[in-house]
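Note that subunit A is present in both complexes that follow, paired respectively with subunit B and with subunit C.
Entry: the complex of A and B
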């Protein structure tokens, strides 16, 4: 199951990366004569209220979400790794500071933090800036959860025999951290990546629906979901829900990969 | 005499730990306020007042507005002023709503607390019923169905759940409950699943204890400390879920207030609601930790 879901994710990613060749039209192109048309031959998923091809926007939007959410997850896990490793190896005040900062981040509702931080940034930012800001914030604010787990893993490894042996042989602390502990954290960090990436996809979708995600005309699965605000229209024209179907499919693939994955350290 | 001495010796570390936790709570709240103030202060567009564009205002009025905004420009001074006001019960004036922040929060907090409490109650009731049923029935097919259902709901963004609630015309409480249910169910299922594999449960089963008695007395009761920790986390989750639900369902609670304030860069409202939410979630965690500590000592 895990391999199948990873294969599906890989296939989706390859399709989305080839958006320039696969998408029928550029995502911003407007067909003024064909506004809000249902699915037909040139427009497989119809057009939106501005006459843009929905399928093209879905593919390009998927590229933004599927490439940048894992990148943001990588950033979050890298920050968590840095914080966990520093706190675990140095101990004392460093550990207290990191633990307090982690508790602070975790004691505030995640979406609230994200909403507040995103809203502090300019709303008139260009599409490229808004993409970087949205996913950059996700990466910068998402370190707390993985950090706690990685810190626990570092402390567990510090009590292990191989670290005691390295210490008894006079290995300096930085070398123990980088050579002995860091490589052993890879499975835990990988698990955190697989947990964080779909959470970021969902967070971007939430921000997009609240009007604080990626700015138009650049598409992302989050801002494409804004078309669903009128759910009675979705009931009449179900193809509007295509971005939600794509998002659910991708997130469930991530979930299957996590639940059946072997990430034991 | 000996008993008194022992209990006195026990009390000292208890009070020290309680004091430490309270200090930690105060520090968390202060840090949350400072973080929110710093975020707003460094935000582009801070200090730009839309009222300056009003052509009816005279030069002196615009200067007065500038002077008013300049007072907020220094982060440390702003934070110090805020803390001293907080001690007097003053939370400042909202820029976008034109009302005292205290009134705004007081008007809306009740609704959010009611919605969040209803959501937590719905989610916990649903999760408890499903977990108990799964524990008693012990059928793989039912477990698979529950896992698939909760997994499917977890794949939906909270904002989409809020839209569905709006479409189905259910209240914000039920919407928050629907967002929380799969999360609580999954955690609860994991906790009870781990407990089921413990030796005392296997021993009870070997003695012929089955059904509701096994689940309640041998699985749920020993897992109550973990369940309590999950209860504290669910407060945090409910407050997080309140934002999209209130924003999209047009429910005038604190979630909607903070969303509107964030869009309008309303510094006093954002800072105060941040502090409030940090205080509520940190207090919930503190209470949960204290009860869990007491339970462990009794055990």
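Entry: the complex of A and C
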């Protein structure tokens, strides 16, 4: 099951990365004579209210979401590694600062914080800027959860026999942190990445649904969901729900991929 | 034996003082956060090149002494009081930076469990490189040759393939030899071997003891040999201290403390029988 999920994710990623060759049309191209048409040839998923091919936008939107959500997750886990490793190894006041900041970040309503932070930034930002802002914010605000787990792992390793041996050899603390402890954090960090990436996909979708995510005309699975605001339209034209189906499928594949417990520290 | 005007530990120290200047002179009490006075006024000396055995039942504080000498008790939440004098220097007054220069280069440790002491995420070469670079500015590429010679001396494979292995890819006996090789890399004056044979079978135990004896002679290295295996202590050490209830119940020459027939009788009676005999005498 896990292999199948990873295979599906890989296949989707390949399709999305080859969007320029696979998508029938550029995502922003308008067919003014074919506005809001149902699925037909050459529009396999029909066109939207502006006459843009839905399938092309789904493929290009998927590329934005599927590439940038993992990148944002990488940023969050990298920040968490930095915070957890330095706090665990330096201890003292720095550990208290990191722990307090983590507690604070975890106590705040995450979605509200994201909305507030996004709302403070310019709403008329261009598509590229909005993409960087959306995923940059996710990466910057998502470090707290992974950081707490990584800090606990660092503390556990600090009491380990191999760190005792390294200290008994006279190794300095920074080498113990980088050479002895950091490689042992890899499984925990990988697990955190696999948990965070689908969470960021969903967060981007939430922001996109509220109009605070990636700006038009650039597509993302988040802003494509806005078409579903009118539920009666979805009931009449179920193909509008294609981005939702894609999103649920990808997030489910992520969940199955991480649910087998292969990430023991 | 421990009763009377002068304690056995004091007699042991006095005996050493007569023999020459001690390399290590310990007078130590240790408290843990939730367990005060785990060690009380434990005192012994070790001469340069001498093998000193420390025996005691599990939980008697043997490993605590090893950690206290290296000033690593903070890793287990302990604190030491008293005096640890090494080559005329009071280690308890040394800062962490100064202690890092002592650890590995002047006092080295062979830990108890080879399986957990080697970092599972690192290749053997990285283990050796880290131990080397802790005290030497000589490039690792140049040092590799001398490390290979040491591996041959310890009857380990010295080929490239061995360096590239991870700890789980070698046997426990090989792992113990790797730990010994890492410990003697900088020719320390004192080697603390904390139950180095406890995870090994009888044949491997004999080989490790032979290696320790040979290396100690070759490098003129003193050894603090911690064990509950009385036969190995009797085979390796010149003097022995017996820990019980956090105190040094007995300290002196192996023949005096264990009796003339130490090598035969103690193997049969085991550590508990021996300590019972020490208390009764």
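Heads up, the rule we're going with is that the second predicted complex is superposed on the first by the 264 of 265 C-alpha atoms of A that agree within 3 Å, B and C clash if a C-alpha of one lies under 4 Å from a C-alpha of the other, contacts with A are read in each partner's own complex, and residues count from 1 in each chain.
Just so we're on the same page, a residue touches a chain if its C-beta (ideal position, glycine included) is under 8 Å from a C-beta of that chain, and two chains touch if they have at least 3 such contacts.
Here the structure is a predicted model, which means the values were calculated and not measured.
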item	value
Of subunit B and subunit C, the chain that contacts the larger number of subunit A residues	B
Touched partner set for A:162, first subunit B, second subunit C, both or neither	second
Partner chain(s) touched by A:252 [first = subunit B, second = subunit C, both, neither]	first
First, second, both or neither for A:96, with subunit B first and subunit C second	neither
Partner chain in contact with A:172 - subunit B first, subunit C second, else both or neither	second
Partner chain(s) touched by A:184 [first = subunit B, second = subunit C, both, neither]	second
Partner chain(s) touched by A:210 [first = subunit B, second = subunit C, both, neither]	first
Common interface residues of subunit A - those touching subunit B in one complex and subunit C in the other	none
Contact set on subunit A toward subunit B in their complex	100, 103-104, 106-112, 115-123, 198, 202, 205-206, 209-212, 225, 228-229, 231-232, 244, 247-248, 251-252, 255, 259
Parts of subunit C lying in touch with subunit A, wherever the complex brings them together	67, 70, 72, 75-76, 100-105, 108-109, 111, 113, 116-122, 126, 130-131, 133-135, 179, 182
Subunit A - residues contacting subunit C, complex	158-172, 175, 179-180, 183-184, 186
Parts of subunit B lying in touch with subunit A, wherever the complex brings them together	24, 27-28, 31-32, 35-36, 39-40, 42-45, 151-152, 154-160, 163-164, 166-167, 236-237, 239-241, 243-244, 247-248, 258-259, 262-263, 265, 270, 274, 277-278, 281-282, 285
